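Next come two complexes, and both contain chain A; in the first it sits with chain B, in the second with chain C.
And then the complex of A and B:
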């Protein structure tokens, strides 16, 4: 018991160290910094290099790493966050995501992808409690966390710079008017948070002992949960949240085995959001402080296609492309189409109603599995399976999300992140239904009226048809009264509530429609791949869907299609760039977000 | 402001140019005309979270290429590889499959790394009759995907039974932790069945996510169940983490891992001492074929090979052998694999495929233990 508790505290401490930086930046800039995990990983790799390859002593290596990551943090702020201060904050979130892609891949190119051993510069076995042994390293980590709260807390409370940071966090315009150099203050806080991330990288690297350039992303996601649990923006909360999460995880694993690890972590996230969204130490802030809402109408207006233009495009897509393109291009085309449908599922919920969903992989997975099981194992006809897939996804999604609609802004988004992860974790663990990690094999190809759809051309045409149906649905809904209400939800929820309608219900409806469409995409995916397993529905998939509509223009259904062409088609085109492929993709994304945040298919209003 | 008509034009131009670029970038599909190099396609993770495995593959392939081409290649023609980075992502491995299938100069495909990436692409390879050599795809369902899905990996049904038999020599009470993947789960189930037959007691068992870095809570539970052995069903990276963390959790039992090669031993450092596993080959083996291979690998790369480098090396040498036997064409490789009785392998010596497209009668692995950083045969 004690051992498990100790193990949980020590591991939870590693979460806390990364979460502190996240909370600091969030508190000051109102930005969820997705690059924090990558900066942390950069700290681990550079720390390894300094200690193992350059043979620096530990204290010098730490100093070097902190200096390096502070500069990285400054770069992140200057390149990705500061320039996007005037546009909807979702753009800054996606920009930091793009930066994380660039950093992770750069790290892999520079250091090579292998897992390697972080030198054990601090003792790890010199103390013991009962049978459980720990060491200087663990004590140091704990001291750092506590020290952070005390020192940083003191810094923020008592020094001039600290007060400047707090002033900027509270109201940056007022601070500017009072003579606070807001730009410099933001830079300082990014540098501070990133240096902390670097320090965390060195300590956690030593703790894990197996390190590789790709270990940052998972750390970032768990730290995010920890920070939310503690209350985003609160430093003591970040530490408390990290420790609490570690303890809950350790006991959960102890009772149920470690297969449910993700289920525990994201389950905790959801519980926090349902019961106490402000976290343990935070307060639920006013809507005006929400970083992930914003009137996206202000960001740009979608370009409307005339009916004959739309018809022409459909004609080209359906009539010309199958003749001109070869099988490879058509296969790429089917991927583009499936992801266009997935992205389309976000247009109503995240575009019109401005509820940013970070977990569309969840409904897609439900749809894929439903269709695979019903058609593959129970002999349902394909069209029935397709429809059932959408329906199941909509029902499951609605049920899981229903407690969260009374919240708003970033809490909703975090909840969608949790839902996406919990859905996949549940699929992994519900062996009797889904075969768990074994996945489903030999899923039959779609069959319409006795004819099997196997060739790339036929698959392309089938996917195109489903896309057109989904497009028709979304466009029609957007133009209807319902669409107007959704836009009202996105523009000003309070006003909508004041006019007698309940925003929560409409948000739920928008999400349900979105989940239905995502389920359709899932079904198409399952029957094309003929194989499904839970690992295919990762957080990266959800981020891809979101990135597609941001790129295309969040409110625009056609923008979703355009975004899919660019983001799913381009990596195939970029295959020529081989090693630098993902790097190029990240840079491209960053440039697009930076210079055209309203999306491709929108006019600047 | 640009008018919407102009925008439409710009959009159409962009789309067209993207398609054109794709067509150019793809490279011409030259037909296998009997002269010029012989090509094999490789679908593997070069970037992304599995990139280190792609690197291991490359090392194995490159060593094989050196030797094959020095030996005259296939009937005098040089052997070359066409690599495509799939990131082991089915979204990418499927178009890559289509690309390879279109390219008539490619006579067989190697990879992909993970089951989803390979199995999602199987329908494409099967429809177009191109051999898909999934040499690290251990899912039993992989070869069921079609006639053209082949895997030189031993079926777990055989391998795990053999490993359990060896494991039984070292202890009667076993605490087991296993990866929550298709492979890990299947291996665990086979282990359980065999353990029951042999009269072993499973004192504790738990699955874990492959991304787990902290095994302490599990190891504490395992320790508390008082086993003779802690058995890990995972790869080198997991084994190394477990070996490093076990002393911290106060585990005194011996540790037996499903896989442990030079890669894992290097990662675990001194914690690897005394770690047990079974292997059909290990660098210190006295078998001439293993000695020759280890020597060549060390000469080229400066360190001892781990598991995945060997798998890749074996896979390419086998395909080349098949091409030499059946002809340097797609059907030739297929027939060659089907009919060869003496496919070369560092791991098993010579073997042939059985009708389920997995190796027939693979050799029994032996128990090995880590002494002074190297694996030597172990006594139970």
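And then the complex of A and C:
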């Protein structure tokens, strides 16, 4: 009991350290910094390198890591966030997301992807007090994180720069008018936040002793939950949220086993967003200021294909490609088609309605598992399974998202992220249904009217057909009156409400249609791969879907296809390694947001 | 029913039409700031009531409370006798309250015509079936899915309604002469400031509201443009449109208003006909007087 509580508090403390950084940056820059988790991981890896490879003493290594991550934080601000200060905040959100992908994969390239041991710099079980044991490590971790939190508190309260930070967080325009150097304050906040993140990285590295460069995503999402639980923007809230989350997680694990940690964390995230989106201590802004994407990312006018151009393209895709391409190219082509469908699932919800989904892998996973189970284990015909996959994805996604649609902007994106993560965590834990981490194997290939679709050519043609149907659906809806209303939601929810339409309804409907389409993609994936496991539906998959439509043009259904050809087809043809591929996606996304926000297949508005 | 209606009340309602809007004891604070602090007034059918007052006196907050963007801490708002102060903005719009915003809110990425089209979308019957179910949790998915299906299929009844809507959009745009009509296909963010405001007004009118709320419709407009807005307001008034107008330009207010409410520090400090208000000492003190006093100070 007390053991569990102590473990919870020690974990919670490190969550708090990372979460404080998130809240600090949210306060002064109004940006949800998705790169915070990657900075944490960079702290772990550089700490490992300094201690294990360079044999620095612990204190020097910690100082070195903090200095390094502070510079990293400054770079994130200068390269990704600051240049986008004048455009709607969604751009910076996407940019930090891209930076996190770049950092994670850069770290993998530099250090190699494998797990390694963090050298034991401090004893772990040398104290024996009362009935339980603990180590110098626990004491040091606790003391250092509490010390840093107090130090930061004192800094904010009593120093000139600290007061400038608080003034900026309260009202940056007013602070600017009163002569606060807001630009420098933001730089400083990024450095402070990142130094704390790096420090947490070293501490957690020592604590877990097994580390890998890819730990950033999980740490970032956990910190995110802690910050949201405490109230985004509130520093005491971040501490409270971190501690509360650590304790809840520790007790959850002690009751249900280690597998449930992600389910608990993302469950808490969704619960907070459903019940009290302002968190324990924060508050949600009263009147939403600016629409999140405004005329920025959705601002391009999609280039319209003429009917004969579309017909010619379909003719090439259906009539020429299958005859000239070899089996390997056709299999690649099938990949492209599946990802095009997944990306297309974002066109209405993220393009038209401007609700950025960071978790589209979630509905895709629901679709994949539904179809695999119904067709594989219950003998449903493939087409029924395909349709059921879309339906199940739409229903699950809609139910999970439904309480969040009264929110907007960052909060919606955080919720979609949580849904992507919660879906995977649920699949891992619903052993009896999904076989947990083992996954499902021997999923039968699609069969139509008694004919099994096995050859690459047939699979390609089937997926092409589904893509064309999905394209038809999306294009028709986008051109209909609903498309107009969705664009209006994306442009200004408040004005839509004043016109008598409930924004939440139309956002939810756009999301449901998107989830349906993502479910179709999941079904095709399941039957093509013939096996499924939860790791296939990683945050990177959601990220790829988003990058595809940002590249193609958020508003443009054809852009989604074009983006998939470039981002999925080209790396396959070039036979790029996985980490190099993700690195390229990240850099590309960053450059697009900065220099061609309307995407390839659109004109600037 | 008819027996109950006595000649006396019939004649009373003839001389003073039933109130469209009744506001009693309305209050709303932001932290320590009492933005609106016990405001009461009525607006009758066909009346134009203006709200004036110095900056920060709570005019916009009052309008936001009426429109449902904010909910009051206390007080009552009745529309045609029905309590609405807890309803969200979209429900109030359905009940007939349309509005414009002080800083202007158009759907920037949409063409002008679509802006106005969305303004009347809530009134479409064939396109949006089962309107009653829309207010019920979970069951609201029935009308939504029906709407989705209709958008996919687009049966003739829906197409007919859509072309009627397009015609009404044209009518609303025509209200502004050649200002908006030739630009119907332009995206709203490419318009001039004044035209964006006109688009917003057209969108509000597309709802055919029983009560129109306008927050500084002439802000940022030059004299010619202001005069144009005045003409349009007078046209609307002649059509019998009930309006609550927040406005700084006193000449316009005095010309168009039936009654004027003067706010200061969250309270209605005076109300009456334009002439009465102009001569009210407290008003001169709180509002008009500040400038006059300054001028006298300066000339001394």
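The rule is short, and it goes like this: the second predicted complex is superposed on the first by the 510 of 605 C-alpha atoms of A that agree within 3 Å, B and C clash if a C-alpha of one lies under 4 Å from a C-alpha of the other, contacts with A are read in each partner's own complex, and residues count from 1 in each chain.
In the analysis below, a contact is a pair of C-beta atoms (placed from the backbone, for glycine too) under 8 Å apart; a residue touches a chain by one contact, two chains touch by 3 or more.
In this text the structure is predicted, and so the values were computed from the model without any measurement.
Bringing the complexes onto one copy of chain A puts chain B beside chain C with no clash. Shared-chain residue A:533: touches chain B; no touch with chain C. Legend: residue contacts after superposition of the two complexes on their common chain; A:403 is shown touching neither chain B nor chain C. In the superposition on chain A, A:499 makes contact with chain C only, not with chain B. In the superposed model, A:441 lies in contact with chain B only, and not with chain C. Contacts of A:477 after superposition on the shared chain: chain C is touched, whereas chain B is not.
Of the two partner chains, chain C is the only one that A:490 touches; chain B does not reach it. Comparing chain B with chain C, the partner in contact with more residues of chain A is B. Residue contacts after overlaying the shared chain place A:258 against chain B, while chain C stays out of touching range. For the three-chain overlay built from the shared chain A, the minimum Cα spacing from chain B to chain C equals 17 Å. Comparing the two complexes, no residue of chain A contacts chain B in one case and chain C in the other.
Of all residues in chain A, only 286-287, 294-295, 298-299, 473, 476-477, 480-485, 487-488, 490-492, 494-503, 505, 508-509, 513, 605 touch chain C in the complex they form. Remark: chain B residues 1, 4, 7-8, 11-12, 15, 18-19, 21-23, 25-26, 46-49, 51-52, 54-55, 83-85, 87, 90-92, 94-95, 97-99, 101-102, 114-116, 119-120, 122-124, 127, 139, 141, 144-145, 177, 180-182, 184-186, 205-209, 211-218, 220-221, 223, 237, 240-241, 244, 247-250, 266-269 touch chain A in the complex.
Interface of chain C with chain A (complex): residues 30, 64, 67-70, 88-90, 93-94, 98-99, 101, 105-110, 114-115, 117-119, 121-123, 127, 134, 140, 144, 147-148, 151-152, 154, 162, 187, 189-190, 203-204, 207. The residues of chain A lying in touch with chain B in their complex are 3-4, 7-8, 10-11, 105, 108, 112-117, 120, 124-125, 128, 130-135, 208-210, 212, 214-215, 217-218, 249-251, 253-254, 257-259, 261-262, 303-306, 309, 316, 324-332, 335, 339, 428, 436-439, 441-442, 445, 454, 456, 528-533, 535-536, 562, 565, 568-573, 575-576, 578-579, 581-582, 601, 603.
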